[in-house]
């Protein structure tokens, strides 16, 4: 376990994140141009989708139903546990509890990618259909959490609008679209675009995560505002969700790698799809809470310690 | 040159509101709008997007009466919740009819 | 602070016109201009570039008389054909001489 | 032929275009950042030029005169046929006819690239000097069409200005410039930059075409405004121009691949160089007509059906 | 709608000054500012960055008195050395207290 | 030597620079989007740092002290010689002399990269720790020159601010940070990101330098304003600094490649870190002088003739 942690700490991803944090703490003005950040994220998501699609076309689809069910279950469970803990233990307001729950009920694609990279380098690659699970997990949690918040406060704009925004957002278009393109085009065509979409993947991810370090560190000043409860929540809740997901994954027959990645997904908090949806639907929720927790606490926790932890749990429950 | 007086309303707000506000402007009678990207800092200091300080700057020419209603609407529906400022300016335009509600479109 | 009154003309138009209009401003006597990128929607709704809604927002400080002439010119030469709006505002500047035709450059 | 069509339909290029269209029709807000779109187009054009230049330095130049002449002939012919058909059969105004003709008289670099990719994957690569032909075809058609329009209406700004704009525009600088750099640097230097300019090419093209799908679908609402005549024109005229070009190509000794690519060039309509030139010179022409026809009808037609069709014609006229 | 009159100061300058000027605005009593990227040309025509013509456009709402002081400060400290223009406009805002020095923040 | 010059003239780097110049002189509007330019520079610097770090982890560190000392010496010497020559021979004002000296006392990363590329292609690669030297050379020269200027004029804002800006600027974060990430991650992790950061390097550099050609040519009109003295200075001073550095490099045991690269660094003039620092600290200096000299004279001189010259000098002093 310690060895694994060390290997993980010296991976380009974790090092680049740390560099971004250090630069920001040294009050450097450094940041990626906005369009480069967006471009990298488009590239990463589309590459992920394409590769996932190509693998999906080889995948054993009768093994897919169980994991898909488990994923949807997690998508319903995690926003509810998050909401209950925040509202009743943390004494947050209804809008704040629902807004934070929307973030933790959804998923962070970068955490997913980091977990995929990690399990591959550990020699325990995940199933080919994992990116498909990612697309299943993104949206439900946001809607369940927002629904709770809106029902409790009795306000809200048409739910259809939000549903549409999330389902047609950048992540969905690129992931689901990429998956379909990948499934349809097959191996020979994939070979032609592989140097671009696979060869450059890890390097582009490194650059992207460098900026995530800057952005996360930018919020370190807000950690005070967040308070000790939310701080603890942002570490303990992911760990619990991760453990549940790893066990559930084992139950439905996922490999060690698959369990680890599913755990990382359940444990992660969205910071792309959830923020605008909550901002527009629960305007009285304080965005500082959810974004600081998701970006400055949970994301680095998962990157540095969470993923190796879920891997250990997955090995334990799989008995290897 | 025959010019006409109109009000220019300028709204600076969180970029997440762009779509919603321009639709609102149209619904309330504005004939058009212009948007540019901006960054800034103000009283609120909340960070509403992962990349902080991303604002939009929306401008719209309209009749005084419409401008009044838009300000009223913003003050009630948006000011309490969102990072936002808005101001209006007296301006002169050529062929002002275009900007009137029901004007030639 | 000794300030002076000038007119600020603001033109929002299809980005293809940027070069031509700034040259026109210079020729008609403006001492400078500022351009930023914008997007928008208006009465015309024509899409003039493959990527729609790409406008520029041109601002220029000038004397009232020059502003009149510029508006006149825009109204005759450009308004009928191009997606465009223009308005003028009264503003105060320091050391206004700089912006006068033939002023110290 | 059906097999070829199927292979083409499942190519990453066509699939990515379709994904962009579907995303837009589902009212997704997804689009590439403006600067990414511009960057990809710069990359593609420069890579095309460089590779073309390296190949040109090996090419058999005494075989070049014929194809060059054929290309210039097409550059003069296609704007005139387009203008006559639009004005006299379609009853468009003079400015509208001239503006649309300027688009169809010029060439779409992306269609060219798609055709190159297609013939290579069909095992019938085109001649090394094709990118040089592309540079010959871009400009004349625009000027001839504008000249017709301006002569007929008797207005217009100095023709030198427009000529200068097109000749020093992005496409020309990158293509002609890239060609020269490619010719001069030779093989060993090319090897050093090849991973960037060749390895990434098809992937970058896929991403670029995804956005073209979005942009094209954005104009689908304008198809109504365009009317049935222009709709038919935007499919039939390219097919005719393509057939003429394929025959002409065979006459001057081009290979099947070369004939196909020349046909695709002649059939394609410009949406980069032509729009600003017509907008500034023929302001009373309605840009909705030309852009919708070029982007939302002719471009997808060529991509999906046109290129395989020209290939079949080329095989027929070459008798293989 | 109860509105209040304020001054909007607009500064267009070399982008290298953005940080320094916004800090100055804050120090002199402005409650916030909005910045967007711009390009332009003027009397000076010096090129101050490797990529020429990169300006920023800074806007800030403030009381007349503060605006006076800011203009004064710009005129003494910056105008002689930097490529820059500044102007002020009369505008109306809702809930103007926010923009007063010591106003609710 | 002539052969070397010819090979250099036909390298993609020099050809791309020339293309940019020619396009601009033909009054083309072509330029890279601002964000692409920034993105390429971020990529190049970070890739340089990473690769340097990986090499540094293999490097013979006891050979490092001498070159490091030599570099710091050059960082102190070059701004002083530049200032004295400009002020006393060139009769420039104090602020102008100091501002130009700040540019020539610092270093151009692109010139460094071009020199690295050149010596590698000559079969005489430089030491693995060269990027570390680059980071040592960037900052001191700027501060020494500004200090001279401010002491002489007796004005100035807090020196700490400027120091902080330069030390936490983009170049430093990416180079120093990249070096550290590279040292820490080691070979196996480097392999994973190598296709992105090494495979694409030369191609990306070519595109970047194309834009530098445009930017440099943009200032050709300012050459008149610069006057004959500064024109001569911008060629002769680098040559002298380069010769001194090559000799100093030989003295402290650098290889021919290392001497050449050190010479190119000393000879080069900063146009990224120095301009904002001088603009803010010496506002009465005319930025046209320093930028035109650095970008439109010294940079192309080094690229085309300087680097081969320093290579010849290095061979001479090393006696090979």
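Brief remarks follow.
Letters A, B, C, D, E and F mark the chains in the order given here, with residues in each chain numbered from 1 onward.
Heads up, the rule we're going with is that a contact is a pair of C-beta atoms (placed from the backbone, for glycine too) under 8 Å apart; a residue touches a chain by one contact, two chains touch by 3 or more.
The model shown is predicted, which means the values in this text are computed figures rather than measured ones.
Chains that count as touching both chain E and chain F, per the definition above, do not exist in this structure.
Each chain gets a centre from the mean of its Cα atoms; the one farthest from the centre of chain D is E.
When chain centres are defined as mean Cα coordinates, F lies farthest from chain B.
Chain D and chain F have Cα centroids separated by 41 Å. Per-chain Cα centroids separate chain D from chain E by 47 Å. Shown for chain C are the residues that touch two or more other chains, namely 36-37, 89-90. Across the assembly, chain A contributes 29, 33-35, 39, 195, 199-200 as residues in contact with two or more other chains. Chains that are in contact with each other form these pairs: A-B, A-D, A-F, B-C, B-E, C-D, C-E, D-F, E-F.
Of all residues in chain B, those touching chain C in their complex are 1, 3, 6, 8, 22, 26, 31-37, 61, 89-95, 98, 104-105. Touching chain A in their complex are the following residues of chain B: 14, 16-17, 20, 46-52, 54, 80-82. Remark: chain D residues 34, 37, 215, 218-219, 222, 271-272, 275-276, 279-280, 283-284, 286-288, 291, 295 touch chain C in the complex.
Of all the residues in chain C, the ones that touch chain B in their complex are 10, 12, 36-43, 55, 57, 68, 71-72, 74-75, 79, 85-90. By the touch criterion stated above, chain D contacts chain A in their complex at residues 10-12, 15-16, 19, 22-23, 26-30, 32-36, 39, 121, 195, 199-204, 206-207, 210.
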